[in-house]
Amino acid sequence: MALLEVIDLQQQFKDSYSLKSVNLNIEKGDVFALIGPTGAGKTTILRLIDLLDQPVSGRILFDGIDVTKSKSERLKARRRMAYVQQRPTVFSMNVYDNVSVGLKWRHVKRQSIKETVEQALHLVGLADHRKRDAKTLSGGETQRVAIARALVTKPELLLLDEPTANLDPISTEQTEEILENIIEARQTTMIMSTHDRSQGQRLANRMGVLIDGDILQVGTPAEIFRSPIRKRVADFVGVGNMLDGVIEARVDESLVTIQVNGNVLQAISDFDEGEKVWVLVRTEDVTFSLHKTSTSARNTFEGPIKRMTPVGTLVRIEIDCGFPLVGVVTAKTVAEMGLETGSHLFASFKATAVHVIHRRN
Amino acid sequence: MENSFWDAFVEALRLIRTLDPEVMEITWRSLQLAASSSTIAFFLIALPLGTLIHFNRFPGKRLVISTIQTLFAMPAVAVGLITYTLLSRSGPFGDLEWYLTPAAIVFGQTLLITPVMLGLVISALNAIDKAIPETATALGASRFQTYIICIREAKFGILTALVMGFGRAVSEVGVSMMVGGNIREFTRTLTTAIALETSKGERELALALGIILILLAFVINFALLSLQYRKLPWHYWK
Amino acid sequence: ACDSDDTESPVTASTEVEPTNGESGRLKVATTTSLDNTGLWETLEPLFEEQNDVDLDIVAVGTGIALEYGRNGDVDVITVHSKAREIEYVDEGYGLERIPFAYNYFLIVGPEDDPAGIRGMSPEDAFKTLFGSEAGTFVSRGDDSGTHGKEKTIWANAGYEYEDVQSAGSWYLEAGSGMGATLVMADEKQGYTLTDAGTYLSYKGDLELVPIVDEGDTLLNVYSIIVGTNTEMPQAAQKLVDFLTSDEIQHIMGNFGFEEYGMALFTPCAGPIAPCNN
Amino acid sequence: MENSFWDAFVEALRLIRTLDPEVMEITWRSLQLAASSSTIAFFLIALPLGTLIHFNRFPGKRLVISTIQTLFAMPAVAVGLITYTLLSRSGPFGDLEWYLTPAAIVFGQTLLITPVMLGLVISALNAIDKAIPETATALGASRFQTYIICIREAKFGILTALVMGFGRAVSEVGVSMMVGGNIREFTRTLTTAIALETSKGERELALALGIILILLAFVINFALLSLQYRKLPWHYWK
Amino acid sequence: MALLEVIDLQQQFKDSYSLKSVNLNIEKGDVFALIGPTGAGKTTILRLIDLLDQPVSGRILFDGIDVTKSKSERLKARRRMAYVQQRPTVFSMNVYDNVSVGLKWRHVKRQSIKETVEQALHLVGLADHRKRDAKTLSGGETQRVAIARALVTKPELLLLDEPTANLDPISTEQTEEILENIIEARQTTMIMSTHDRSQGQRLANRMGVLIDGDILQVGTPAEIFRSPIRKRVADFVGVGNMLDGVIEARVDESLVTIQVNGNVLQAISDFDEGEKVWVLVRTEDVTFSLHKTSTSARNTFEGPIKRMTPVGTLVRIEIDCGFPLVGVVTAKTVAEMGLETGSHLFASFKATAVHVIHRRN
């Protein structure tokens, strides 16, 4: 049985903003990442799951019990969860008291509280700030207080709303490590909203893409990133190349040719001739070379570099080969190949690297 | 004429220094009565009821709050009249025989200051960040526990409610006069004594008693405020 | 205290030529509550204002305050009922002349069954009985008002030091309140009290108290009017004195209360009539 | 005896229905006086001064706030006495000839309610998120502009201060009686009329006037509160 | 003359937390990124620059005028700046009013306000939320309001505290684009704190690394990332490999050999023999191959893969070649080379890719 079952959940605000029908099944031990753009409704869903708001309609079954109905069930359920809010609020007490208050509310014994809290404070690196007024903490420190006070209650379901949004990369790494340890040690089930796509990838075993109040796709990170089933998902996860095409002809059982802006691509697809499609190619599947080489890649195009943008340690290269095609290479490669805007390049990608979705999606 | 104030002040100091037994007795009674009524009004009524009103949605909530705020304007004489009507020998609670006793004063003062305290408690709770109760709830606080933490966060305002209520109780004269009767050695309070001395034309003495009343309030408030300042936002300290 | 600015004293200026209606403004009168609570002033005020182009401001306060207001120059005229203090006031130079204009009698009221058995006694004997038997509660105004002053006089006449009375026991209650409140309290306690007739009559409907002692020279209650020496409206003030002592008004005063209470509340006594002048 | 209330209520309605000219006049005067004194106390003193006190650091700030809160306990009679001492013809402001006029009542009421309003204004400002003034400052607001936006954000509490002050002014009797003198057609207010009727033994009429006072306060408060509710946090609406 | 000169700035809080002596020079047109871990003092500096707090000591010259002294100077200076706070607070008004209030305070004409605000709302994509109560906005929407209201005042100096911390990648990209446009169009000077290291790289021309209240290094992004001068900077910017070494011998004028855990590396350095050093090698400078190939890289080591971690579209590979050595490859490479934990690999990097810093730094 699923630990959490969300059935047909709807939320509506005064001026008609809404969460359309949302369905979710979270199994025990799942680490579920909810990704989606600003304003999509991620926080709205988490608030509903933590039973802070009442949905307009729909049901939430926690451990099989419908918790949207009774107040006492709701408190019981809520005490088995913990929710790290997007903009955590701390109480006007010191850090220690802030972290321990959840346990006090659960009537945990003093001594046991002390141990648990001290441990958590060390875990998140706030042991030295123990006596500080929590209101004076920095952004990142506040976020860590929120994480610590959620963890001390040893929740069965941990809800995290952008848990590392205010943390620097090192703290983010530390936090992720903490979360990973908890996932391993306690098999805690988690639902996290994040806009750090790679964070979702690193921690989650399942992901849901929420756009405009609709969950458009649920699947493993790989599925979401490599095979978005909708254009809007593809837009959001950022495949890099999304081309406007029409199926030209079927080559064999699996292979088709696709007409894109006068060019012809080969791809694996079972769409019929004449169907209008979106052709997706992930940037990292595009290989560049200075000269035409014979590769197993079925698609090879050539053109000048139109734009180069550094992205972390990589460089994003866009060439114009009848249509704009984007790929990434390492900064080192750029230097070694002596690339600059205008350089003529050959780009190739395999037919299997092409993902085709119907235009109506 | 300005000497009046000075004379009154000297007289007040003299009364305090000599520990004038009648003045001490009256002062102590005033304190006891006002403390009793504000304790009852605050802890038994305003704080719990105000919290419930603030945190719950119910039809007519707006009206209830407006009504409470309207009762800020309830004159002490009117409360005195009502209390009289209730407690006098022939009234519905006449068999309690509270009329013309200190109990009646406590009853009337409680009636008088409850709306004030209620209104201020609601206003104080209304001012705290809406995220506070939510965060508490999310951390597994029960309804009651959530209320407690919100009250903690609204401390300055809540204490203002208590201080204001006590101030109103200790300074009102209408109720004490009407239902206590200003009986010497029994129901005479500082304010009824002030009214009496005033009507006798003993202005200095009246003012002196007023000064004693203010000093009393100052001591009480300082005690309460020391609680409040212990956790006041940092910028008050600097 | 009152004649420090002699040179531009409006008293001298106005007494010479200016007619009354040149003194535009409000004539302020501090009156003892018992005169006002009966509604007497409410009846007289419009009459006076009709006859004279002046706003009459009636401030009802205790005798003590009325005298103080007069001393401070806050009011132009006072109407009070405490002979000794009135004389002192005039002697000190605050008032021009004490002019009695009406009187009535104080009453000792108490429960119908008269537990102390003082019915029909003289006031002094009644007080002696109360003190000795302690059978009935006595509620005193205890506020230094004219009525309270009268009560003290009776105690003195009966041969008691007032301080002994104050500490005599729980039968003697000091209300420190106005007449009405004191009556209500006496009623509530089923006790006795000394009251002026006017207030008693206006409260009678709500009370179970009845008059127990209503005769005796000491119970005489004389109301007089005194014009302040430093008034800015001496002519209007004089008009008020003339008004109160005029035959027409004296007549009205003599009949005041018949309609509402079935008996007259005041006996007019302007001019050289006893008992006002003893 | 419970009939008293009913009788009083019937009487109040009768007085209102028949638009009894004297009652109307007194009610209108009460409203004018209380409105004047609360306007002066609020806009000229409490709001600006409270804002300055709250937002500025100075030595003795704690003491100032404690003193203000202590003055909540200032009895109306004492304020009446002080006002008398100041305004009486032989007092320092005697030449204004305000004593026993409506001006004196406004003066005294202002004195009486200023501490209440000040205290509540400070308490209201104290309750808003400290980030608000900072954000305003960062956005280039001048000191004054920052104050304005903070007052806006503290609206509920600030309006409570106004409502409370008006309530206290309209319901007090000590000041009006002592320095106004309860002069018919000139300084008689609802509360002094209530006191007068009470002392005359006209209890029903007194209570009826009390009811009219409360109705008056209700109308005023509703007007003020409608301002307040216009932007009340959403959960009050639901 | 520098637009902003920060001299010897110090800040101290009650319980002795502090900003040690900070010096900064920001020229007109500079885009300066302040990076550093949680609690380093980034917000503290920005608050001081925006003159919200009084420093314990030190001076701030804005356009040559010392603004720490006079109140009126401070307001004048502040009105030429704008500050987007880390946790933006909105006023209880609608979105339009929130964005326009700064202009009202500057007594800008109504009509002009309307135009500017509408334009800004469109720019940040909040035009539809114009009438919404700003308090009900989502985290990302709130952040955009904060950016919009800062931009409308056309500041000469824009202070941004983690401007995209709450934004999803697409919004982040949009915001960065907006900022880029402003940098280009208006030459606005900017100081931004960010823990997104690549954001700093993308937008800033100069960077400062703030750790524990000290600015440890100021330089171009490339300098900071490739040549950290302190271990703590290196730790923070994350070079990937930081090895404990001792200079073994000098090979020629520029080249030395370094002893690391029994292995010998070659590097460019002018440290003397015997000096204890940290040896830094950026992950992207490490090349992996399945077989020993002859390359120009002077350092080649071999060993089995100990750990593989996905990072975005890349995979971080750690091999054990006597010391742990980390590099990154694309996910595609991993698939093509059939890499898995335990696979034996050769890793090589050039002597110029090795950055050496003294152990005492």
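To keep things simple, chains are lettered A, B, C, D and E as they appear, and every chain counts its residues starting from 1.
What we mean here is this: a contact is a pair of C-beta atoms (placed from the backbone, for glycine too) under 8 Å apart; a residue touches a chain by one contact, two chains touch by 3 or more.
Worth saying up front: this structure is predicted, and the values here are computed from it rather than measured.
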| item | value |
| --- | --- |
| If a chain touches subunit C and subunit D alike, it appears here | B |
| Co-neighbours of subunit E and subunit D - touch as defined | none |
| Greatest separation from subunit A - chain, by CA centre | C |
| Dominant interface by contact count, named by its two chains | B-D |
| Chain centre separation (subunit A, subunit B; CA means) in Å | 56 |
| CA centroid of subunit C to CA centroid of subunit E, Å | 90 |
| Length of the line joining the C-alpha centres of subunit B and subunit D, rounded to whole Å | 17 |
| Residue list for subunit A, restricted to those that touch at least two other chains | 87, 136 |
| Numbers and ranges of subunit C residues touching at least 2 other chains | 61, 178, 181 |
| Residue numbers of subunit B (touch at least two other chains) | 88, 129, 178, 198, 203, 234 |
| Chain-chain contacts as defined at top | A-B, A-E, B-C, B-D, C-D, D-E |
| Subunit A-facing residues of subunit B, complex | 129, 131-132, 134-143, 145, 149, 152-153, 231, 234 |
| Interface residues, subunit E side, partner subunit A - complex | 13, 15, 35-39, 43, 86-87, 131-132, 136, 138-141, 144, 162, 165-172, 195-198, 201-202, 235-236, 238, 282-285, 287, 309-314, 328, 330-332 |
| Sites on subunit A touched by subunit B in the complex | 50, 52, 71, 75, 78-79, 82-83, 85, 87-89, 91-92, 101-102, 105-106, 133, 136, 149-150, 153 |
| Subunit C partner contacts - residues on subunit D that touch it in the complex | 88-91, 94, 99-100, 181-184, 186-187, 196, 198-201, 203 |
| Touch list for subunit C against partner subunit B, complex | 61-62, 64-65, 67-68, 142-145, 166, 173-178, 181, 185, 188-189 |
